[in-house]
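Chains here go by letter, A, B and C, matching the order in which they are written, and residues are numbered from 1 within each.
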Amino acid sequence: MKMLEINNLQVNYGPVIAVKKVDLFVNQGETVVLLGANGAGKSSTLLSIAGVANKLLGKVKFSGKDITKFSPEKILTLGIATVPENRDIFPDLSVKENLVLGGYINRKKNNILQDTIEEVYNLFPILSERNSQVAGTLSGGEQQMLAIGRALMSKPKILLLDEPSLGLAPTIVEKIYEHIEQLKKDTNLTILLVEQHAMKALSIADRVYFLRLGEIVSSGKASDLKEKTDFKKIYFGE
Amino acid sequence: MFLQYIVDVLSLGSLYALFALGLVLVYGILKLVNFAYGELVLVIGYSIFLLKGSPFPWFFMAGTAILMSILFSIFTDYVAFRPVREKSVTAVLITSFAFATLLQNAALLLISAKPKNVPMPSFLSDSVQFLGVITPVRNLISIFVTFLCLIIFYQFMKRSTLGLAMRAAATNFNMTRMLGIPANLVITSAFAMSGLLAGIAGTLWMSKIANVFPGVGLEPLLIAFIATVIGGMRSVHGAVLGGFILAFIDMSFNYLLPQDILKFRDVFTFSIVILILLIRPQGLVKGPATGIRT
Amino acid sequence: MKIINNENTFSILFFLILFIIIYFINFFFGSAIFERTVTNLFIYIILVVGLQVFMGNSGILSFAHIGFMSIGAYSSGLLSMPIKMKGFVLRDLYPIFENVAFDPILSILIGGIFTAIIAAILTLPLMRLNDAAAVISSFALLMVIHSIVVGWSAVTNGPRTFFGLPKATTLEIALIFSFLTVIFAFVYKNSKFGLLLRASRDNDIAAESIGANIVYLRWFAIIASAFLAGIAGGLWGHFITSFSPKSFYLKETFLVISMLIIGGSFTVTGAIAGALLVTIGYEFLRWTEKVIKFSDAIKFEFIGLTEIVLSITIIIFLITKPKGLFPFKEIGDTINKIIKKE
């Protein structure tokens, strides 16, 4: 069943139309990657699913339910967790406090909260080490892990990841993607991943969409694409 | 002599600090100035006045008044903030200003323009003497109550989930919502706490001036304002610090300056405000990092 | 864009005709109360349009405007007050002023210029502030001016009433000054200064790239604005002949800002419309208060009713029409369109 479905999406910021027309879907258990250059409209697409972007037109459906007009809070409770482009961790709160906030919807069920924190620490051991450290002092890679860990705290059905490689050194990016792969193995979590960094993203993807200037220009199975090298053309539009 | 001075500054500063804290709570999360904040003191004063002569003990009257302050604070959000929050910063300034005017004139209309006496337990005005210091009981109570409030407040913000959520919201409101934390809950809580703090400070204020009149809220508003600008508009510690600094300035002026210069005290304090806005607009204590990397 | 273009000309002509109509209504049908109201209206138009010149073009809310009005009122009063009155009202007045008494209109003009000079000195450093800081500093400025006026008893009689001004402001004088203000506002709005300032209001980086020096543009606007406020203050002072610092504080600030917001701060038409509507509403409500009081119909004094209604109105306006009644187009633009269609 299609877990997430976007039809005819159009997003604007004032007079600027960031997303002209996007149609895509994500099946349960899949990892779908949205690729595109800067300004293609990738982040706007994700943010519109999360409920914070200004949707002019279009529909977003989750498990068949129309969530287009839902508030960000409601969307999280439905099981859609977002890791935004800037990570947006709370720099003055500790690692643990960030995670606790991520698990807000489970706050009343204390044992679930504790268990989930343990799971996140298992996935990202470095966070356990730094658990009482103020998040603003973590390195870029650590912040990224914290952001992902925090999103996992709500036990989401689908994870939206916006450019996890942004601003990070190649070795760190490696590590992050290793963690994501581990996550997929352990939990079979559905993932919608947005990236500029094509190669890494393709290595964990089931399907790929290419976004250029606000529109989907191509899509297909990742396995098919890995063979072709002309995806560069689609990416940059030469 | 010096000890007397310290006690005076601390007792005045504790009052100022509470006022400033209440104002900064709302500003920190919403980035909006609440011009109707001072009117919570009006609510306190008139509530106690209206309950005068009732069979209830004074504590009950004060408690009810503080409850009214909380309710009116939340009400301010619904009337002046929520409808125009998205529109513009200027709009909120004006709507809260209008709401403040509304409350003042409602008091004028429904009660009276004349100052009304607000009954306070007499023991509050009794003097206490120790180590060469003479001070009314209420001053010591001010210091004690403020101390207690600050501890409780600090613990609450640090340890409770709601406190955590409010601190997060002050840093990055959108992200907080994306974690499933209801925006309305956070905002209403901020206004409620603001109302509580203003209510406690207002009760202490009333014990000082023993009188309520429609314009009573102006001075507390200005105090909160100035203290927050000096101390830091985005920092809870800054607001408290600002309150004590302002009390220090005011007390020092009272002690040191001759009467004919003293009447220009406000010129000095507001000039400091302007200077700080020019030189260090974030105030003395920097607020939380915004968490956004450029 | 030419300074005197079609839209501008139509707007100015429209208001000329409107003002003349009002004048003649008063001439033929007006009572003393009506004439008072209309004179007050023209003075308030100067005040609100003056505020519009700064706020509308720069986009910055300024709380200091009434403070400038007070400087104009007191300084012009000081100059024009008959010598005998001076000895009586201002016991500690400095010798230099004791024996002078100028023509009231001259005093008003000097008062306006003096206000402009004070504004120039006090506001220059503030013009580089933005948003909340700019607004708070303007509020602080109002407080500073108020405090000085209250404290400097030698020239202001302190918190007590400042009286003895000659009643020099007639309806005609108020009308003329008002009309000149309107012309100025339109000319300024479409001048290079006004255009560049408005460009910076919408996008300061872009504006700077075309050579706009935002600080100086704002400074010039606030000096002009303060001059007009000072003139309005002088005219008002010589109309009402006595006042105190209480007349130039938060209530009046709220009133002036309400007029501008309701009418629309981006247009001169808005400023005038706001002044007109609020004055009419205000007078009507005051009249209602009096009628109820005198008719003994309801044993209840409705003091404060006016302010309550005004507060509620302004909140409703900000929710429903945040940019005011005339958000973008001047009346001249509308007239121009109508004519073009025909």
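FYI, contacts are C-beta pairs under 8 Å (C-beta built on N, C-alpha and C of every residue); 3 or more make two chains touch, one makes a residue touch a chain.
Composition by chain, UniProt nomenclature: B = Branched-chain amino acid ABC transporter permease.
Source: prediction; values computed, not measured.
Student: Hey, how would you classify the chain contact layout here, line, ring, star, complete or other?
Tutor: line
Student: Suppose chain centres are the mean of their C-alpha atoms. Which chain sits farthest from chain C?
Tutor: If we average the C-alpha coordinates per chain, A ends up farthest from chain C.
Student: Using CA atoms only, can you tell me which chain is the most central one in this structure?
Tutor: Closest chain centre to the overall C-alpha centroid: B.
Student: What pair of chains is linked by the largest number of C-beta pairs in contact?
Tutor: Of all chain pairs, the one joined by the most C-beta contacts is B-C.
Student: What whole-number Å value describes the gap between the mean CA coordinates of chain A and chain C?
Tutor: 55
Student: How many angstrom between the C-alpha centroids of chain C and chain B?
Tutor: One centre to the other, that is 32 Å.
Student: Starting from the mean Cα coordinates of chain A and chain B, work out the distance between those two points in Å.
Tutor: Computed value for the inter-centroid distance: 42 Å.
Student: Show which residues of chain B lie in contact with chain A when the two form their complex.
Tutor: It comes out as residues 161, 164-165, 167-168, 171-172, 174-183, 288-289, 291-293.
Student: For chain C, which residues count as touching chain B in their complex?
Tutor: By the definition above, chain C touches chain B via 61, 125-126, 129, 131-133, 135-137, 140-141, 143-144, 146-148, 150-151, 250-251, 254, 257-258, 261, 302-305, 307-308, 310-312, 314-315, 318-319, 322.
Student: Quick check: in the complex, which residue numbers of chain A touch chain B?
Tutor: 50-52, 71-73, 76-77, 82, 84, 86, 88-93, 97, 100-102, 104-105, 107, 136, 150, 154, 167
Student: Across the complex, what residues on chain B touch chain C?
Tutor: 31, 33, 79-80, 83-84, 87-91, 93-95, 97-99, 101-102, 104-106, 108-109, 113, 218, 222, 225, 229, 233, 263-267, 270-271, 273-274, 277-278, 281
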